[in-house]
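Here come two complexes built around chain A, the first alongside chain B, the second alongside chain C.
Entry: the complex of A and B
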């Protein structure tokens, strides 16, 4: 619905004055920005190092998982949970890059679809046979499934540990982690051996170029995975009542706010071309906008992200709890994120003269 | 929502005032008729606009489509909703139960297309009956069975997405029904019934409208009312139908908003709204030539909605085939319904649809041959898309994007 507002606003100009407005972007500066430099910075300083970091985390998860299944005791469970949390944070830094092999394999659908479907997970465990890469299992794998396996299969830690007396639970846990690890290896290998050169050389302003696709992926990630999934859906923005159980990491119950802040920091760092929050500003959307004489917009976007972060920092560590206790703060955070969406999707895309390549999925 | 409401009405005025010199060039008629800012018409201080029956049928259709997704419903329950009899307890909404209207009697029931073609009308009604029958007898029993080629059942979209319930060929009957109703009920009634000369000018309508003779105890002339009933099939489920915001139902109103969102078709919503207003103002002013021009504009633009969405969903389906079959089936099922609706389109200035019933059936046969959506080829989807687009002033690429 929100979209229609823009559409009608734009329509005003088009209907009223269609003959004078054919530049599309309304941006008078010629685009001399070095897109290759931006793509190179993204690939070499941001994307590939983060995938390597995630891969390292997942290898650790494999080891710690094997230790746990060999001896399911409290100490090994605690250790596994800690690595799960740190790896889930590493994942937040990788999720926006749904391009190349990640897109082909629907990587993010196999890593972080939530809410996870606990009935499907239990059915898979009971059956003992399953294809974790099947589309129908997208909501029975990845970090959310792991969240359930480590925190949600029973009410107390003792009962959880008892579950792992059953070989099928052990096997499912092991298989979940193994799939996440191997998918990540495939994506990483493709970046280092193949896709990096595609990514940094496909810089034309066309619908299919890597630059345009990445710009779209980045905004789509922000709009859907960050704004809607982490805040809007649990906060009830798209439903008649709030849906607290649709928040991230609900079985752990202590990390969803921090995951969201990490994700938002990541969005801002990508925007500024920075490897980490403390790195200097590098080639990226910020510098691109400045090159187009849109310092104003670059500043506005950073300010709006900062404002959204402040709204998120005051939330409960568990966003499910936040929805249940004071959902207004949750929707305020959502509203602050929505302002960023407008800056990205309308103003930044117009400045870059790039078209949106995605639509909101059907409501039915 | 409120912003959009303001948008349509305010923009309608702004656009006309700011570009009035351009608009005048296209006027065939020298006229002083001016459309009001919103679809508001009064006589002696009271509204003359009425289309309660249209609102009722839109709401009945919504409940039927919901009912098609509840496997506890029997065929008789759904049939009774479809062919509701006044007073029967078919719907959750008591107002609908009390109504003497129903959906089925207005399926393929326009004066221009079906008054002298009950054979096709019966065949079309039977198709909707079949959607209900086979949903209950084939899909409902397999509600929890994984679907596969030749086997009805359920199949989930990627990313933990929606579960779709399909027949053995991958078709969702509820989608075929819902998108088919857009053509067979809403569009057929608007384009081929209420905006037709045979209805607007039936009997003494013109003389009565000229003389200001009202329709019984109502505050409108019969001709005014006919035009409003056309309006009601598009905007009748709006909270404030005089100032539409769109997206107010799951049928024509919803899909007008979707087409409007595609930059290739921006402005279509305002064009249709303006034509409805100006045509109605022309009736009040007794300027029937101007009225008929607006009817032709509406016929062309509303036909376009269905064609654009048919192609859009064919292309969406193509994009998901192989990787995400449930999403592909869902899109192709919507395409199936929109293609079915093409037989109720109306080429402006003619008595013909853009595609005949037989031509539509050939498209559907191509989609359903063998195992249907399970093995339909990209080439088939593209060929149908291009054939549809060729009849309109847009390309399959324009309709298939965004």
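Entry: the complex of A and C
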């Protein structure tokens, strides 16, 4: 009973106060957060430039690939491998944007499904006929297939070069690169001619609005493509034993950690609305959270990403090797990334209160 | 002034309000079933999932596969028969059983208003809602102008309990002193025309809505009872429910409440409604002249009905307070949260992952989407009874697959009303060993903040 009296006393007090507030304009911080500005920053300073970079890299890859197939020697192979690495890094910056044309075409499924299916690749090469855009070939195309073609078709470089005496290998390599190039062209063209204006103007809080889809896609990317595919699955988090061969870029064998760090940096830059790690903080989720009085969460997310990065930086340059030598460090990195997932999926989604794209039911 | 129970129970009143209520209820339920069907939710909620969350004590309720459509058909038809008052008693019993069975099949879709419909239809089994203006009158050639007053008061009382308890639940520090969760919800409605970027973003508005929502729920039953405030109160009912309907995805509930509130009006109003209906179906009422009107409906088995309803209302008054028997913060543990008219009261989200460990010490994490639908996963992630039930399902699943001595551990983070998420479940507890019961779940970690209030 005492509790009740206490509560009612507070009620009366608040009623009295809030009355005077009404006229005094005691409000703080209206959510005038400019979502169009956020979307514009994402599109103009992050998404489109990253796609242009990737496109530029892939064009170089086409040229260097042609040079190699015309003359498969060690120098041309080394050159091709170097461009493959730099383009693969460019790709990491584009993979989160599974929206618009990229979503329609299942762009990322045609660019980076790993582990790649070497048996399918060899069968395609042997047959000489294939439809690389077929869903069944998603695990025989893209960067992982290229990884195999440049590092894995034989044990030594000499043997690899010998493989390319076969015209079918040359054609497959050329076709792989050509498909990646044309897919990227399609996505980029759509962004510049059509989707950009959709993206920056579709800012309502509905299931199908671009701003909500982007938030959902971004979190999904982080959880699935980054946390699970790069760390969780090879580290055996979801299986009774580690599955080292499911790591990224296993045939190259030296870049998977860096690819992961680039991907994580990219996630953080998108969060902070930054074009690159050295750019100033721009319009993005960070500022949006602060606008919603959630500085605590914005800071926590950056801290957790930083902590995850530290866990990744101490890993072997090749994550497959890391799994095989000391998997504990790998799962520790996974755990650190999982904390970021929690902050994104639970706290950030709650703060934004976005309509979630997968739940269709009444509430009460 | 002294209140004599017997005198009260013998009082009679016009039968029209209950008849109108019956029609409104039946029509809306019939529409609700059709709506659910057309949205494809029978498929996604009841047929597609391979696993269903069940209420404690109702694990025996089986899902029916494709026959679920038949169940919905029966439920919808019985609602229609209730509306027209044809074989009313059988129809309302069928509706109560089929509707309740549907709800018991899957806990994930629990809504207070489904529970409301279940208990309301239970109550209606005992009320002579077909005494007046029903097909039953036509077939039996007897109609009753009056019914016992308590028959209508019972519905008013139930509605009053729903509103008043919903108001009591809002007397807590998050709702009143932080304007949570309305602050989160209202601000996210920035895309509404005109008000979206203006008042929906104002602090004072969040508080005003929280406080007026609480006062509305507490007071509206009384304003509806009192004749001089009734019309104004009803206009508020319409405004309030339409407004919440615009803001939140709450389906049929606002319309159910608006139509239900009509019962508070006096009989002449209901006669007008009935006359309107009659004039629309003039060809039927022309034939209905053979009906003999009797003055008072005699309640059969009064000695049985009245104690049942008495017990029913005592339970309705007590059940929402059962949370007091549990330690810890109610919003956090949700022990005693359901069946208590805690409506739109908190913004709670979680992320819960499960680890399976076997005898050999092998362990792996579960990808929840392999077993649950997105809706199930969302609900499971922050409700302890769901977490426990799912842990047992996983334990059984992997035991069947041949793993020995399976242990199931949960790592769960939950955020409540805009607080930072915190660990929710004791990670060191093998949930496969824990049994569901009405006892407190000791493996729920304590809430690190405090919410004061009822």
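Operating definition for what follows: the second predicted complex is superposed on the first by the 324 of 364 C-alpha atoms of A that agree within 3 Å, B and C clash if a C-alpha of one lies under 4 Å from a C-alpha of the other, contacts with A are read in each partner's own complex, and residues count from 1 in each chain.
By our rule, a contact is a pair of C-beta atoms (placed from the backbone, for glycine too) under 8 Å apart; a residue touches a chain by one contact, two chains touch by 3 or more.
Everything quoted here is computed from the prediction, not taken from an experiment.
Q: With both complexes superposed on chain A, which partner does A:205 reach: first (chain B), second (chain C), both or neither?
A: It touches chain C, and chain B stays clear.
Q: In the superposed arrangement, which partner chain does A:131 touch: chain B (first), chain C (second), both, or neither?
A: Touch status of A:131: no partner.
Q: Once chain A of both complexes is superposed, is A:352 in touch with chain B (first), chain C (second), both, or neither?
A: second
Q: Specify the partner with more touching residues on chain A, choosing between chain B and chain C.
A: Answer, by number of touched residues of chain A: C.
Q: Thinking of the overlay built on chain A, is A:139 touched by chain B (first), by chain C (second), by both, or by neither?
A: In the superposition, A:139 touches chain B alone.
Q: Return first, second, both or neither, reflecting whether A:106 touches chain B, chain C, both chains, or no partner chain.
A: After superposition on chain A, A:106 lies in contact with chain B alone.
Q: What residues on chain A does chain C touch that chain B touches too?
A: The answer is residues 3-4, 7, 10-11, 14-15, 356, 358-359, 361-362, 364 of chain A.
Q: Mind listing the chain C positions that touch chain A in their complex?
A: Within the complex, chain C touches chain A at residues 39, 41, 44-45, 109, 111-113, 171, 176-177, 184-185, 187-191, 197-198, 200-205, 207-208, 211, 248-253, 343-344, 347, 349-351, 353, 362-367, 374-375, 378, 413-415, 418, 420-421, 452-454.
Q: Considering the complex alone, what residue numbers of chain A touch chain C?
A: By the definition above, chain A touches chain C via 3-4, 7, 10-11, 14-15, 18, 21-22, 26-33, 35, 203-206, 232, 236-241, 292, 294, 296-297, 300, 338, 341-343, 345-347, 349-354, 356, 358-364.
Q: Which of the residues in chain B end up touching chain A in this complex?
A: 1, 3-4, 7-8, 11, 14-15, 18-19, 146, 155-162, 245-247, 250, 257, 260-261, 263, 266-267, 270, 323-326, 330, 334, 402
Q: Where on chain A does chain B make contact in their complex?
A: Its residues touching chain B are 1, 3-5, 7-12, 14-17, 106, 108-109, 113-117, 135-136, 138-139, 355-359, 361-362, 364.
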